[in-house]
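Consider the two complexes below, in which subunit A is the common component and subunit B and subunit C are the respective partners.
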Partner chain A sequence: MRRYVCAVVAVGLLLGITASTGQAEPLFNQWTLSAGGHYTGLNDYTRKVGEYNLGLEEGMGEFGLAYLLATDRGLLVDIDGNFYDRRNILGHAKYRRGTTMAIDVDFRSMTFREGQDLLTNIEAREEINGNPGGKMMGHEVLDPGADYNTHRREVLTRIKHAITRSGDIRFLAQHRSLWREGTTQMTSTSHCITCHVESETCTRDEQSHQIEGGFEADVSEMMTVGAEVGYRRYESKSNAINREYDIAGFPPAANPGRDVEFPSRLLFSDTVLPVFVLPETEKLSGKVNVRGRFSQATSLSASLGYNTTENINQDLTASSWFGHANLATRLSRKTRLIARFTGRRVENDDPFIDIRTFREGRPGPQPSFDFTRYSTLDRRDGRGEVEVIHRLSREATIDVTGGVRVLDWSSFPDTLEGGTATTVFGEGKLRYRPSRRFTGSIRYRAAATDEPFTTSRGILEPRLKETLVRNFEDGETVHRFLYYYEREQFRTVGATTEPTLAQEVELSASIRPSPRLNLTLSLLAEFDVNNDIDTFDVERTSLRPHLNVNFLPTERVAFSGGWTLNQMTSQGPIAVALFDG
Partner chain B sequence: MESSYGRGSPRYRRCLALLVAVVTIGLIGGPARAGDVDNETCAACHEEIVAAFAKTAHGIYYQARPALRDYGCEACHGSGTRHIEEGTVESIINPANSRQFDDPILCLDCHRDAQFQDWEFSSHHTEDMNCTDCHDAHAEYGGALKQPVPDLCYSCHAEVLAATRMPSHHPIAEGKVSCNDCHNPHGAEAMLTRDIDNRELCLSCHPQYEGPFVYEHAPVNEDCMICHQPHGSVADNLLIYQEPTLCLNCHDMHFHATVVGFEGVSQDRLGRDYESEEDSWKRGMLTKCSQCHSAVHGTDNPSQATSSGGNGLTR
Partner chain C sequence: MSIGSTPDTLQIQPKHLGTLFADEEFSTTSHFVYLTGNVVATNRLSFFASTSLTFSNAELERVQMPTVSSDVTSTLPHQNFTFEEMNTYSDLDYQILRFNGGFDYRLSPNIVLTIAGEFADLTADEEWVYGDESGSLFILRSGVSIDF
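So, the complex of A and B:
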């Protein structure tokens, strides 16, 4: 229905505008209708290859319509649309009335197809002394052969209207709606008796609607200010899957007679619960900005904004302030300076999570796992850099950049090591352009981080042997059974594979022997190292040569060819476990 | 075939070009440097260019303004008096030669919309690019870009072209997504369209992952690029590596992967069959983490294990 509404609006706009042209003399008044067709065969078909097509074996007509009207009184109407198949449709309409009104409407419809994961790798049973042990994992696909796909539609409307005759003050408005409907594969896992993964078809029915409004005003010949506010609402009407969780109990062979303990290790058992519940969210945003010049040599651009997002289902809110300022100035006839600053502060609600008591009613430790969920969204993030560009000669420039980024998670109490990552970076670039036919450059960049990004709980375990001979509470050496939660607490906070030192070298050349032929060559090498903790040394090396050729024998014909190789080598302890298996 | 109707099509580029030309020129009242030499004089030597100019994006706008219609050449090329006297290339302003160390970019005198005002801070500008590297002011309406997007962008960013041909990719080659949907080639805020960072940009089209959720996955809050390569990837779902390699970059191996499997078929309490081999646990635990941790972007629903506080992101 909505597509027809859009079509009617577009046609109405077209007819209304055509009628309003009056006596204006058209510079362009042309219709273009195109027609074609395609056939999709499914020989050697894999769904992944056809992920943006319907994936049906069928022939289909294609149609395109374009209309262009331009008059000598500043009226412009430009409409075009294309129909590829019933889910792949694009349309665009543009209207201009001199300098006073500009309207753009885009419609986009596309499909996305997924393959089905048959989960066949999830089937195993433990062996104990040659017999079946207690640990089991299995899978069940409740909808074998399902064909998953989603249909995505978008309507985007942008309006700009000059409020004053001089055009100094402009009203801005935007509306955007997204719809996503279809089916997807959803898996859920029950840890009762066995670790059991079930796959079901889940319907998707999601919508997002956004409106924005604001203004721009030229406050002087050299300065423009603006403000905008926006509201976005996302909701999902997708059907949640109701998953039946079995009665929690130890696998019989491994732990006979201990059924009574197992339920307290799980938050729920012998119950039906929904999975795949997406929360409804609302987002409010506002932003003010100023752009312009102080003088012929100095430019400024700055903005300050605020937004808040609410998870309505859970009454959770995340809010942020953000801003940026850029300044560019000419220090001399041969030297430019650009300074860039950005800052952001994000604060998130911290809900309390009430968890049932572990091993309730049993002898031995009964730790509480209740916790306050502090959010990794919480942060203060500041970045500043200064770039100086100096012209060495008419053909060569040198560009030097230095800056610092400070990312502070100090409002996030689970971070044990101060929670501030400071990155100092620098870059140098020499570029040589002796003529319009050749451009070459060499660039080097280095960034050193004293505390790279890491999650709160720590993610890498020390070697198991070290774990077993320590008591995590008082440091005494013990050998005993370890619970899962104890393993988690042993994990090394602060270990991450993000680099402490990242370096890049890039060589690039662009050759244009004639206006119709262009050749680009480049080589990018990246070297990342993390030597934060001796036992977790990580190295990554990446090498990316690429070659691109463009040839335009005539204005209507273009040939392009490109080749890129991305060779990456990672060296770290984590891959050993994977490939050893 | 797909690109014939895509947002990267010539028609779409034409719209964008005229948006740039007509609106922005009009909003600030038009150039004011005309008046020394009229267009007819220019046409004496440059007949074809002047004749074709009326149907350019600039030309359409100039038609509505008599001063510009008659003296439009000088709006960009400055006074033609000296050029007529000397007849040399050096005696006339050529905007194509305007570079970053010259006076404020000529085109920006008119194109003062917000989307252009960060140009002087942008990477393209500091790379010494000029408006005319991408735009042709003398092309007929719709052809103000020298090539359609994305081909124009690919002529310099060949590595992006290669990425969009990977098995998993945003549908740029299919014409359903354009470079300009995410990037502002005239801008400075990380060269993105309008948002302050990558995450905000991604969430504008994928709002289902925004949250805030009760149970979070930290990198989702940090930057989508930690796990995803937006242009294209060998791995499914635009992941920078296939699972489980990607996950193992931050997480240690699931300890159940070390369990030795029973060789044969057995039943659980409910009578379900389990076919197992010696390496079955490795295969199950080291193939695809998201088979079980399906709510990897965050969820409000607790997972089952008490000891992890419901943090498993499995429902």
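So, the complex of A and C:
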């Protein structure tokens, strides 16, 4: 990593030296070096108030270096770097040579400290007549003194270079690398003998590298075409944690067969298994695009792309097609029309999951729970909208947008019939500027969706369903079992948080009573509702007023202040499953 | 063969009682107030300061489940169906104060001295999953920058 930082700095310095040795006349040529230090003092719990701080009570040196060169021939070199502490470092180098060459290199390093979930809410036990019962849930924090922190580093390089002297063919390249190292909290849940949640410290060592290359060419004065391909790889060297799962046995101990029956219902019992295993992935992408101008009044841009991502560990693939088209034209001297269309198709592998036979070798039902796993991300998503902007007068402009979005996930089988949500939306905005002292606007947007994504399997059983006792005869024995999977079969209440009607109202005003005073007021109100769910309603109301004041009493004094309120109310179901036995 | 004359394998008599549920409201409110100022006192000396205050709270209204039937209460006589404390787990209430200020002093046309300080304090009136998150930090900074 240090080698990379040194290389970036060396490239920046080389660019500066190369630039400074050119024949052009410098308009600006300056180095700035800064040096100093800071001391951090901490009091009580600082993982929240100082979550991006190292969290160490110590003094630390700070350094900065900046260089700016601009010449009359369009040469620009801008280098800026700052070392705050060993984890908080920023660097940027920019090089421009007219319109023929553009290079940007960014380096960002930061730290993040996270708290530890103490799991204290996972602590309960049934009480029967004042005595502890058999049903319970508990937790265990194996590393209570852990110092969870993550160090994130990123290098981003972008190059745009004109290949031909005329500049009509340009080479594009981009590179991005991310590293994330540190420790994090990992929780895993045991089976139901105690509903036991364990917390452990897990090391994190992940990296992602991405390269992209392509070109764009001006095929005529009116049209530019381009193409890009990309490759990204993610891998984790984090150590997997081996979790020991207890022997499953249903309390109380007096129940005969507890050590045989209960493990037969679970996927694993009395074993050690790895947890926190992150998959290695590869992504390939490609895109072609075109933009052109048919006349002074009409322009078009469009793109078509494809990408595929593979989970190498599990040999699973997800792929998608996507595209867009934008058309902008002037209908009259006062009216503009913009049409936008986007489309996307996402497909994932549907793996067959072959799991251990439920209650193998036990009397009574032995249903198979093997299944094909479908992805809710599989979809075809199309959207089209038309926006018309019309200048009513010198002071007022009206903007009207209407469109439709069709989201189809019919390839996912466990949804309500149809599997297609159609959203019709519209927006109107009026902007009024009677003088330089006042600007106001009002905007209203509404979107109505029929059949938003809703799970048809249901998440709740009907309220207070009739008591049910299941009997199963096996030879001389009568079993009265009721399994969790049978409870799930009773679930009928579909659920979603997607609204069927979403509305937004936005008001804003900017007032400038004098050249030294400026006030901005705004209000954004959102109302989402879904009354189509069979058992409960989903509602969300959000209000966000904002006030900002800028005041310059003299040329040497400037003040700025403001207030923002964010108030949100949402309504949804709280559910408790009633257990017996 | 009758059920009553033959013992269950696990000696339990499970019943399906369904689910209790109710629609409840969850609300969050957050105020954010800020003020910044810059004063150029002389050609050599300028001051800067900014402060912000955030008040946030969130709560779930008390859960009002429907009245359960006598069949449920007789089957589960030891259970409490009032859920009086359920909503309190979602309570959040905290304030954050941040302040920073300092001055730049131009020692010469090319050299500027900066001395600054930062203070941040969080007061949490409701513990959440991380425990009591109240705490504060301060940072004192100084340095010089040289143009050449």
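Basically, the second predicted complex is superposed on the first by the 482 of 581 C-alpha atoms of A that agree within 3 Å, B and C clash if a C-alpha of one lies under 4 Å from a C-alpha of the other, contacts with A are read in each partner's own complex, and residues count from 1 in each chain.
Quick note on the criterion: contacts are C-beta pairs under 8 Å (C-beta built on N, C-alpha and C of every residue); 3 or more make two chains touch, one makes a residue touch a chain.
Source: prediction; values computed, not measured.
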| item | value |
| --- | --- |
| First (subunit B), second (subunit C), both or neither touched by A:L178 | first |
| First (subunit B), second (subunit C), both or neither touched by A:F559 | second |
| Comparison of subunit B and subunit C by subunit A residues contacted | B |
| Which superposed partner A:S208 touches (first subunit B, second subunit C, both, neither) | first |
| Which superposed partner A:E127 touches (first subunit B, second subunit C, both, neither) | both |
| Touching partner for A:T422 - first (subunit B), second (subunit C), both, neither | neither |
| First, second, both or neither for A:E62, with subunit B first and subunit C second | both |
| Touching partner for A:R96 - first (subunit B), second (subunit C), both, neither | first |
| Which superposed partner A:N531 touches (first subunit B, second subunit C, both, neither) | neither |
| Touching partner for A:T569 - first (subunit B), second (subunit C), both, neither | second |
| Those residues of subunit A which subunit B touches in one complex and subunit C touches in the other | 34, 36, 38, 48-49, 62, 64, 117, 119, 121, 126-127, 133, 460-461, 487, 558, 560, 562-564, 566, 574-575, 577-578, 581 |
| Residues of subunit C defined as touching subunit A within the complex | 1-3, 6, 8-41, 60, 63, 65-66, 68-69, 71-72, 75-76, 78, 83, 86, 89, 96, 114, 120-122, 124, 129-148 |
| Subunit A residues within the subunit C interface of the complex | 30-50, 53, 62, 64, 115-121, 126-129, 133, 250, 255-258, 261, 363-364, 460-471, 473, 476-482, 486-487, 490, 535-537, 556-581 |
| Complex contact set, residues of subunit B against subunit A | 1-2, 4-7, 11-12, 14-15, 18-19, 22-23, 25-29, 54-55, 59-61, 63-64, 100-101, 103-104, 112-114, 117-118, 120-121, 126-128, 141-142, 147, 151, 154-156, 158-159, 161-163, 167-168, 171, 174-176, 188-189, 196-197, 205, 207-208, 210-216, 218, 221-222, 236, 244-245, 248-253, 255-257, 259-264, 266, 268-270, 272, 274-284, 286-288, 291-292, 294-295, 299-310, 314-315 |
